[in-house]
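The first chain written gets the first letter, and so on, giving A, B, C and D; residue counts start at 1 in each chain.
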Amino acid sequence: MIVKDVVCPFCGCLCDDIEVEVEGNRVVAVANACELGATKLTGERRMKNPILRDGDAWKDISYDEAIRYASDMLLSAERPLLYGWSGTHGEAQCVGVHMAELVRGVIDNTSSVCHGPSILAIQEVGHPGCTLGVVKNRADLVIYWGSNPIDAHPRHLSRYTYYADGFFLENAFRDRKVIVVDIRKTETANVADEFMQIQPGGDYAVLSALRAIVRGRAESIPQTVAGVTREQLIRVANLCKEAKFGAVYFGLGLTMTQGKYKNIRNAIELVTELNRHTKFTISAMRGHYNVYGSNEVNTWMTGYPFGIDFSRGIAFYNPGETTAVDILARKECDAALIVGSDPAAHFPRRCLEHLADIPVVQLDPYPNATTAFCNVQIPVAVTGIDAEGTAYRMDGVPIRTRKIFSTEYPSDEEVLSRMYALMQEDG
Amino acid sequence: MKVTLTMKPAGGSFIPIEAESIIPKSFLSGTDDISVWRGNRELGLSEVFSISVEGKADRPEDVEVIIAGDETFRLKRVGEYMDGGKITVLGDIGMHCGNFMSGGTIEIQGNADGWLGREMAGGTILCRGDAANYCASGYRGGRKGMTGGTVEIFGRAGAFLAENVAGGTVIVHGDAGDMAGAEMRDGTLIVHGDCSRPVANMKGGSCYVFGTAHALIPTFKKIGTVRHEGRMLIHFIGDIANRGKGNLFVKDYRYLD
Amino acid sequence: MRFLMITGRTVNQGVTVENKTSVDYAEETSTCFMHGFDMLDLGLDEGDTVLVTGPCGTVVMRVSASSEVELGTVFVPYGPYANHIIDADTHSTGMPDFKSHAVEIEPTDEEPKMVHKLMEDLGGLAYDR
Amino acid sequence: MSELLIRNACVIDPLRGINAEVMDIAIRDGVIVENVGGSAEVIDAHGALTLPGGIDSHTHICGTKVNFGRYMSPEDMRAGRTPRRGHMHSTSGYSVPTTYGNSYRYSAMGYTTLLEGAMAPLEARHTHEEFLYTPLQDTMANTLFDGNWAIMEAIRDGDTKRVAAIIAWTLQAVKGFGVKLTNPGGTEAWQWGKNVSCIRDPVPYFEVTPAEIIRSIVEANELLGLPHSVHLHCNNLGMPGNYTCTLGSLGLIPDLNPKRQTLYATHVQFHAYGGSDWKDFCSKSEPIVRFVNMRPQIVIDMGQVMFGRTTTMTADGPMEFNLYRLHHEKWSNHDVELETGSGIIPVVYRRKNLVNSVMWAIGLELALLMESPWQCMLTTDNPNGAPFVRYPEIIALLMSKRYRDAEFATIHPDTGSRVPLPAIERELDWYEIAVMTRAGQARALGIQDLGKGYLGPGAEADVAIYPIRIDEVDPAVDYQKVIEAFSQTEYTIKRGRVVSRRGECLVDGSNATLWVRPNVSDDYDMGRDPDFIEKFDRYYTVRMRNYPVQEEYLNRDRCIETEAGI
């Protein structure tokens, strides 16, 4: 059977034009997807049933037992951490927020280690953005800053920018300029019309310099700024001002380096400044699948996009204090529920040392690095493969994922709802 | 009145204790109704501290609270909204000490964790050790930082020192971290040691760096040298990128070039 | 020798990320991409192993020459190996310094561990190894 | 079967012409009936003011733009935080509260039906998701068509039926209720960083004018027989001298519908400005009201401004950028491919600011000068003029000259020379307030046939009982009591269930989403139109099959089918 218009469950592009061929409950062929998406869609090696760590061994348990374990764990904790959420659908995330509220825990999602800094910046200066189609149809200048779509978002260039023809650009490849700004010459830099290479840690200085140049104050800028010559800075500033529609896509190269959100703030302020001259937008290259959805859901339910502490009943937000890495590294939680992410692979070791010390329950279809730290893992259906639900694309467009085939696995939402129901009875 | 709170050991738990109730004013009406929170559990003050009270007071100005114990670094929000009196912390103190403080004095003998004196409007904070990140800063969303009062750090300060500061005086005797005084609007920031990328994106106010300003933001305009309290300092105005009119005085600086 | 370690996503890391118990994922995320001249300096050939020491410990990786990285810099695909030595300090932003860590790199005879072994070193228990 | 009897209610029910009669209201299974049995649960209202549940015909509570307002404003969230308690989830926020915050606070004020004022079709699913978490009110969404490429092309071709067909397809696809035009043409121009200054400026490339867009879409709206009229946010919002543009826009509207208005002009306060710049800025409420008083085909809402902090959010992207350049605070903008856009900035309206003071006066003037309350709805364009929790104060200002004078004395001293407000003696009565907050809305939205906005048999049992006896309180004097009474009901009843009692919400709630499916002939089914499909596939970034909002997103699905004349 061929299923069309499937929504890819890998990255924040949420490409929704995928075709898959299904035999039983197995995907045997994938068309239109990038390598990352195709691999995820054809992935196997699911965990077969819930498992419980019993000393130095694992034993199989039932879903009922696993759900009861999780419910008891969360109810008895003084400061439980409910982390992850980017790999699941919005409906499950909503249940997660209700649970965090009920047990008065901390709920955080993976944006704290991807674009959390971008959110902090947006909270300071706002965000002039647009949907991806606006860029595809209009942009004659695209800047990738600290992002490397060829590796991380492979179809971004072909669907929306470099190779994507649009309404006002019949031949995008010819009419659209691409600038790459990075500290290393990435694959994406190799295809760019202009590559601006910055010394590590120099993004902020370069952004400040560009803002001053756009304001007509080039004379006050030193000859080189973080390895970039003033001539190149002026050239790039002019390219921006002369564009009819410019779009900046920034990545972890800005969020993970020194200054963190200040880099993003500066980039946003550059774009705001450019809007006095022409049309310019800026957007984050959101990484993991539905991570943007977790921000959206948390925001309408709690008022804050991530890092929400319900210990006192009301929602308290302060990234750096209420975010997962900080809490784990400082040993400030006494239980953890992990859903739709793999912190053991992606967090610094000190966080894992604390995970080893506290009870941990994970909902994930696959054995992963975090499995090693679990007391219980509950295998679930893969959202976008054998479970359906809402996901938000990196530009905020919500899409309902398709179920490609059915399995016996319950969805995240089903498992969490059962946990929540138990907790309401007992709590 | 002198209130001494000696923290009991927690047996290895690192879950922070939120203690915004610990301000001089609270003790005017006894200690029985004061509670603190460990995670989601509300605890009576005496569950966490051994309490001793000497003397009496009718107004906060006459109350001194002394906080002792080996784990005082776990205490958050001590002195929040304090408007008078004195708090002395004999060891280290946790995050958000002196939030929104408008009067009185907090003295910390050890180190202070993040957000010391956040959004403080008046009063004095003295920290004998180091202050972590966001000392005298604002809250998320780019709100104003400290608007009045004095914070003096005798050790070092972490990153984002006095972010968004809009009034008052912050003095750091040691080095400060990255992005000191970012978004500064008004007030005075003095760093006796070195710091990195001072007063990025500043709008107004004055910042003095008596050591070296590393990775100076390139959009500050050098306008000359001045003599200040016996030191020759280089005077910059900026941040030009932000149409700013702040003053930055540094003894020495380096660009990231 | 001192290096600046940068981490980031790669296609191979992404392709293998849903299968973290696989050899492919371990190989990809334990690769330390280095400038050819730096490899010469350290006397390393393609595929040699190195001991990388960061602020929080040491980990063994395998070097690979890359024209994308600058002299004095190494690139490591985002994953458990880099995280084994990365400091958890976020400067109170929630985000560790994933892209700016000073590390010390020296040749070694040791082999990179498997992912599950790294996890066991930190107190975990491998499943399905 | 569940039965409820409200005794001794002092009822004002304008759609039935009932003005302050003490009576009983019988409810069975969520619907008002003639009478109920002896075992019915009884609520004694003790003569308290009892009105149909409140209806807000223009508010921003759910969707991409609203949520971005929350997302970017952690400082706003610090206000108004409440913990989980009983059936109530935790809430946060003042000007852009969480969905539960909106729902509980509206419910405490007696509101049972809300219309989200602006939904971009591409992002409709988001609005509906948030509706699911706004449990205590029935919801509906005005759908944005101001910069729709396919529609502008059809207008350029002079094909109004095709315009109607595109609206029909889109509404049923995105589960929309009404047609919203926000700065028509301007949102498309803004995607090039430009704007249209008024109704005669052509839209870049598409070469149609806002006037053509308005006229054509108004005709199409009536061709489709939609319950609500076109809902227009005029061009040139917030600019000095814009009242001429507003008059020009209103002048385009014929009287096409015998049952309701043909145009709903929203937040007219923001469009009633005189002067040539901010220095000689003044009120032009009088010419606007004179014009509308003579034209029953137009209904307006106030868009009242109240002093204090709030967040402005609108599909009008260029306007928000202008506002940003004035305030230099944070600014967000979000353009939506092929359709529309939006902008958000936080603002503070200050008493000491002359422009803000004039704005405050204009909103009140509109309501006080308009002869018929049926033509002027009470709104703040929540949260643009003020958060909706300020409605009780607005009601009191409209009912009390004394309160207005007291407030007037605190605002910028030059305001008096720029506004007619001080000379206006009128004080609205309870009946008029009831029209402006529920009955008028039901009629203007075209939902009275669905049982909304009245308390007669057959109506949905949405009832608000306010803790005030209107025979004992003189609102002109005791305006503080009016504010208190409208701030918190004694009972808010939704579909026959007490959902809120003295501000405490008592149930989890399950709202209905009202949406419209116009039935068109096969020839006008855009789902089969090759040109429409081809352009959709080529220029949108989602597949046409993935665009429609599925039924999973409707809690209780209330589809309104219309027979379209195409």
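In this section, contacts are C-beta pairs under 8 Å (C-beta built on N, C-alpha and C of every residue); 3 or more make two chains touch, one makes a residue touch a chain.
Since this is a predicted model, take the numbers as computed values, not measurements.
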item	value
Chain at maximum distance from chain C, centres defined as averaged CA atoms	D
Most centrally placed chain, judged by C-alpha centres	A
Computed distance of Cα centres, chain D from chain A, in Å	34
Mean-CA-position distance for chain C and chain A (Å)	22
Geometric centre distance via CA averages, chain D-chain B, whole Å	45
Whole-Å gap separating chain C and chain D, where each centre is the average of the chain's CA atoms	56
Of all residues in chain C, the ones touching two or more other chains	91-92
In chain D, residues with contacts to at least two other chains	72-74, 330
Residue list for chain B, restricted to those that touch at least two other chains	114-115, 133-134, 139-142, 178
Arrangement of touching chains [line / ring / star / complete / other]	other
Which chain pairs touch, all of them	A-B, A-C, A-D, B-C, B-D
Residues of chain B that touch chain A when the two form their complex	13-16, 18, 37-41, 95, 114-115, 133-134, 139-142, 178-179, 182-183, 197, 200-201, 215, 217-219, 221, 239-243, 255-257
Contact footprint of chain D on chain A as seen in their complex	4-5, 7, 16-17, 90, 94, 98, 101-102, 119, 122-134, 136-138, 159-160, 166-168, 244-245, 272, 275-276, 278-281, 295-296, 299-305, 310, 312-315, 317, 390, 392, 396-400
Parts of chain A lying in touch with chain C, wherever the complex brings them together	10-11, 35-36, 39-40, 43, 45, 47, 51, 53, 56, 58, 112-113, 116-117, 120, 148, 150-152, 154, 183-187, 200-201, 252-253, 255-258, 260-261, 287, 306-307, 319-321, 323-326, 328-329, 342, 344-353, 355-357, 366-369, 371-373, 377
Touching residues (chain side chain C, partner chain A) in the complex	4, 6-11, 14-21, 29, 56-57, 67-70, 73, 75, 78-80, 83-100, 115-116, 119-120, 122-128
In the complex, chain D residues that touch chain A	62, 64, 67-68, 70-74, 77, 81-84, 89-93, 97-101, 122-123, 125-126, 129-130, 133, 149, 191-193, 205, 321, 324-325, 329-338, 341, 344-345, 538-543, 545-546, 550, 552
